[in-house]
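You will see subunit A twice below: alongside subunit B first, and alongside subunit C after that.
Now for the complex of A and B:
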């Protein structure tokens, strides 16, 4: 155990193993290239936090390469209910995670490579990072027409997006991460990247959809390992050092002390859903016999802050509908769990099988 | 233009440093927060923090507040984040203090230099952020209230559906701190009045209605748990290995109840007061009371009459998992023809459960305690559980109720009874 820690510490103290790096290409010191062995989105996001918190980036930068089992990753200030169909995701075993950096929603899977460039604030240069990537691609497949755009995407043949970027700036450090579509499963995308429920009015950061493509569609012989190697070589060349690709295991608490806390935070409901900017839901609920009710919910911090259900006066008494509204206030905006339990208690009290039950279930269905 | 490092460290412009005349290439971004004392009245106390300059010719960003007015912050604590062009930039507090005013609404657009918020400096002046105010039932706190202790109104009563819903209500009535205010000063004799919330009132009303309509009676018996415990001890490893879940003893009681309910259909039936009919059901749906961090929920196992011990154990396990992960759907908690409630988890010895309307009976399980028993003329120590059956006497007569409970006892004490259909 201790030897692990010492090894990690020495890695990050960054003894540049081979040659001294010329000062003008980097402020000083070496770059370090790491590859995560984990495919768990929360562990990898936690690893980013850990590196940012524990590694002195003033002397050297770090490049982290990682990929995840299928997951939907939303930006820091986005609304998971508008970006993703949460029921479909849960059913498919797809995790939903909120990252720390801004930007839009991405679908991760094992065919989608993530690169994170950790640097000091001074050396933060996203265009340079993207140039490194396009240079690497051109080197390994010269026939590929890849370009970085003004919006910091990388496009193939002028219009097909193969990479999107996001970043995070703190007081002393920064990171820029981006995706690179090698061989992602795009069919799984469409089933999940759509709103959970209709009628959401939100000022959260929206996602900008674009046509995407996989590298293998245009360079079928490009293997994953070949791509990684090309990127590592180009990184070393661009930033002036020789760093071998070091494989790390973010689940090893001994090598990454404190990473468990980052993982718990990132996988918590409070972070993923509770951090959603305030939004409202206004929708019409279809009831039997061609009747309908109006639902208006305000959601703050992922919890129902206020709820109003307006029913036709001859259908059930408005007071009964108000009881339903009351029961939902303070609960998570989610059709399962505490809201369902509260509704079920109400139904047990006031009779099941009736219109109140129908209304309650319609309201719950409208909740994420 | 001169590239390279500037050592002065402080720049009034993002692109040009006056002290060393170095110009920053647009590729290097440096963020600065300028502090201005703007208030004439509190000249040295309130500072206005402005939006840091954006880099790479980005003109505007959206503000997302992390803190609210009145929150106290420490130096460098993040007050808000600004999202520009896929970048999330943190804006920390320049000093410890209290947030006095937010100058931009959440989601509002800002440019470099736009005033963001006012901070009243001074750690001493900081007052703790107001905890979710205990207000009228209509108010909703931003976070759910803490779960109250397991509700046991009196030691004898064991409500099958304890008011867990009040936890959904942001009303102080539910918070332990208000239900039983600790004495602030030794011997103080104050009082605090807390309004009952609607849900609690409704539950209270419904319970009284049930008591008034049903003729509720409770019959007791005791169960010798030795055989079941031995069966578990003997088979638990193989069970875990094959089925991947632990073998509990709830499944024995659920199976026993299902067997007894098919045998005595009246206990599985219910009176419809509006039409004065008895509704007999040929399916057995057992509601199992499950304790969760947020209170008691009552998910239903459907068609138990078709299940064996293992099926039941799996169903209980699955529902328990769902309950724990807050994934129980409202459909999971619909209906039920009979309820089983286990007060034993809280250490209850003996008690009268209350029927969970609209059902006709409820089985209350209690704690397992070693007791001396007379076995074949000798005294032996056996692990014993008292069981209670509260039933609606309008529908179920005494003989049926006692027979029903004895049947449960015989199945749990000797599961071979099921094999032989006795």
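Now for the complex of A and C:
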């Protein structure tokens, strides 16, 4: 562990802006290329936060290469319930994470390479970064028709998206990260990238669906390692540095002190779901005997702010439906957990021969 | 210009997103986001509210534009007086974002849409550029601006430059880096602390909050529950043989990936008893007109979770082995700990056991959970001295059980006989094997 610490300190020496590390002046254009050994989406997102917070980017930039086990990553201002089928994701063991940068939803898996370009705000240049990627691809496979678009995507053959971009700007620093589809599993993607429930109205950032392709579909011999090497070489050439690819382990708290706090925050419910911009749910619940009820929910910070269930008057008394609405207010917008507990507790007093239970279960199903 | 001491003036210091970007980035020809016609506005989320005090460089809000998420920081020290947009609203480019009231120790005339937002002043023939806040900081610390190297655009002096200058002079500690938790790496990992109860916070004031959600439902249900005429019946059970049996079976169960506690035995024994006394697994309707004898033994297990008391149930215990019950309990406990129990697991119970003894206690007075008619509370297992058949004092593992039942349909004798049968199975586990279905 101590040797790891020494390595980390020497890696970032002169680049840390903590009290203990003095700031040296580096020759301009120096860069550092890192590769994360972790495939955990929360650890890798936390690593981005850590680098942004702890590394002085004024004189040199950092390129971080990383990939994750299957995960759905939504943008900072998106709604996880509209972007992803949460039940399907949980069943398949796919994590759902909210990143700090804006933009749309991405499906990560081990065939999807992520690149993060850390620079000072002065050197923030997304087009230059994307040019570096397209140059690298053309170098290894000259026959590939790859172009960066106005929307800062990279497309293959003019219309197939192989990369999407997002970024984060703060007072002194910035990062621009993008994906690069090498060999992602597109079937797993379509199974989870659809809404959890219908009837959601929100002004969260929507995702713009596009036809995608993997690089290996059009360049079958392009190996993962070859792709990484080409990118590193091109980065060094474009930004005038001579950095070798350095492998790092973001789960090592000793090398990255405080990274654990970033991981806890990024994996918390409050961040992933609680930060959703307010939205409403308006839908019709189908009941037995061809009856139906209307549901209207307002959700703020991931919690039910208000709830109204309108039932046919001859089916069950509206007052009972109102009791059901009342016990949902203040609980998380989730069919399990506290909402389920509240509903089950109320159902102990159900004298409607099962109709209140049927209504309750329909309401819970509509809750993501 | 003389300004009365203590007065403050509300400056028309409007921070427009477009203006802010332009001034702070100083990036020459390339603007990082195209705020052209296809990007009508920015989406907003906020760190401050009206009345908050802010310092220069504090984060005010976060906005999104063109796939970039940007943190906008304050250019001034002062107090937030007006926020022009609500959280989650779309802000318009070029329009004001926030009004900040600063102290007017030096009055600065700043037109709303000025490109240059700093004052400059001639000192010894040099133009030294710095905002009023930076200027005041330098003055308070007796620093000559001409001696400070500015790192901002066009050599402008920033707050950090003053602080750097100070630290070099006095060897003072720099203000905390943006990420404040950096420590030198520990040489040994800190020992893991035993879970301690949350530290009580004393504020000295009464605090009122409305009962919402789950707690509201509990109020309703518990109020109805105590309308049921309860009677209680208690006894103690000698679990010495069961303790031995469980100890023998524990490793086999763990070999199959399932943790084995005493609860699966208690639950199975209860189900075997219910076969003989089905009235304890029944339900009465609201007017107590009809009684329904439930076919399934869905035995509820009270769990203390972060959300409060939850009672998921194991369905159809009459069909399950002790191992099956243990497996199901593991699943429910994992979900309970994660706050992920669903409505299916939490409803449909017909009989409940509450293992309050796992936290502490001996005898209890449990409350029946409607629409059930009986409940049992199990105390903690204590090693106590008892007499064996030959009159010798021996160590015995004793557990107290407290039953409550609905006296409208259940009488004391029924409860007593059920309890005796249940107790017999647990005191002589071999007899359970004889009657297992």
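Just so it is clear, the second predicted complex is superposed on the first by the 348 of 368 C-alpha atoms of A that agree within 3 Å, B and C clash if a C-alpha of one lies under 4 Å from a C-alpha of the other, contacts with A are read in each partner's own complex, and residues count from 1 in each chain.
Keep this in mind: a residue touches a chain if its C-beta (ideal position, glycine included) is under 8 Å from a C-beta of that chain, and two chains touch if they have at least 3 such contacts.
The structure displayed is predicted, hence computed values, not measured ones.
Undergrad: Applying the touch criterion given at the start, work out whether A:195 contacts subunit B, subunit C, both or neither, answering first, second, both or neither.
TA: A:195: touches no partner chain.
Undergrad: So, A:305: does it touch subunit B (first), subunit C (second), both, or neither?
TA: After superposition on chain A, A:305 lies in contact with subunit B alone.
Undergrad: According to the stated criteria, A:331 is in contact with first (subunit B), second (subunit C), both, or neither; which is it?
TA: A:331 contacts both subunit B and subunit C.
Undergrad: Once the shared chain is lined up, is A:54 touching subunit B (first), subunit C (second), both, or neither of them?
TA: Only subunit C; A:54 stays clear of subunit B.
Undergrad: Check whether A:206 is in contact with subunit B, with subunit C, with both or with neither, and answer first, second, both or neither.
TA: Neither partner.
Undergrad: Examine A:261 and indicate which partner it touches, taking first as subunit B and second as subunit C; both and neither are also allowed.
TA: In the superposed model, A:261 contacts subunit C only, not subunit B.
Undergrad: Which parts of subunit A are touched by subunit B and by subunit C alike?
TA: Correct list for subunit A: 75-77, 100-104, 121-122, 124-126, 152, 165-171, 203, 205, 277-278, 304, 323, 326-331, 335-351, 360-361, 364.
Undergrad: List the residues on subunit A that touch subunit B in their complex, please.
TA: 27, 75-77, 100-104, 121-128, 151-152, 164-171, 203-205, 269, 277-278, 300-301, 303-306, 323, 326-332, 334-352, 360-361, 364
Undergrad: Residue numbers of subunit B touching subunit A in their complex, please.
TA: 5, 27-31, 56, 62, 64, 76, 81, 83-90, 92, 106-107, 137-138, 140-145, 161, 163-165, 167-170, 198-199, 202-203, 205-206, 294-295, 297-298, 322, 326-335, 356-358
Undergrad: Mind listing the subunit A positions that touch subunit C in their complex?
TA: Interface residues on the subunit A side: 1-2, 5, 17-20, 50, 53-54, 75-77, 100-104, 121-122, 124-126, 152, 165-171, 174, 203, 205, 253-255, 257-258, 261, 275, 277-278, 304, 323, 326-331, 335-351, 357, 360-361, 364.
Undergrad: Show me the residue ranges of subunit C that touch subunit A in the complex, using the header's touch definition.
TA: 24-27, 30, 32, 43, 45, 57, 62, 64-65, 67-71, 73, 87-88, 90, 173-174, 177-179, 181-187, 212-214, 216-218, 220-221, 224, 285-286, 307-308, 310, 335, 339-343, 346-347, 369-371
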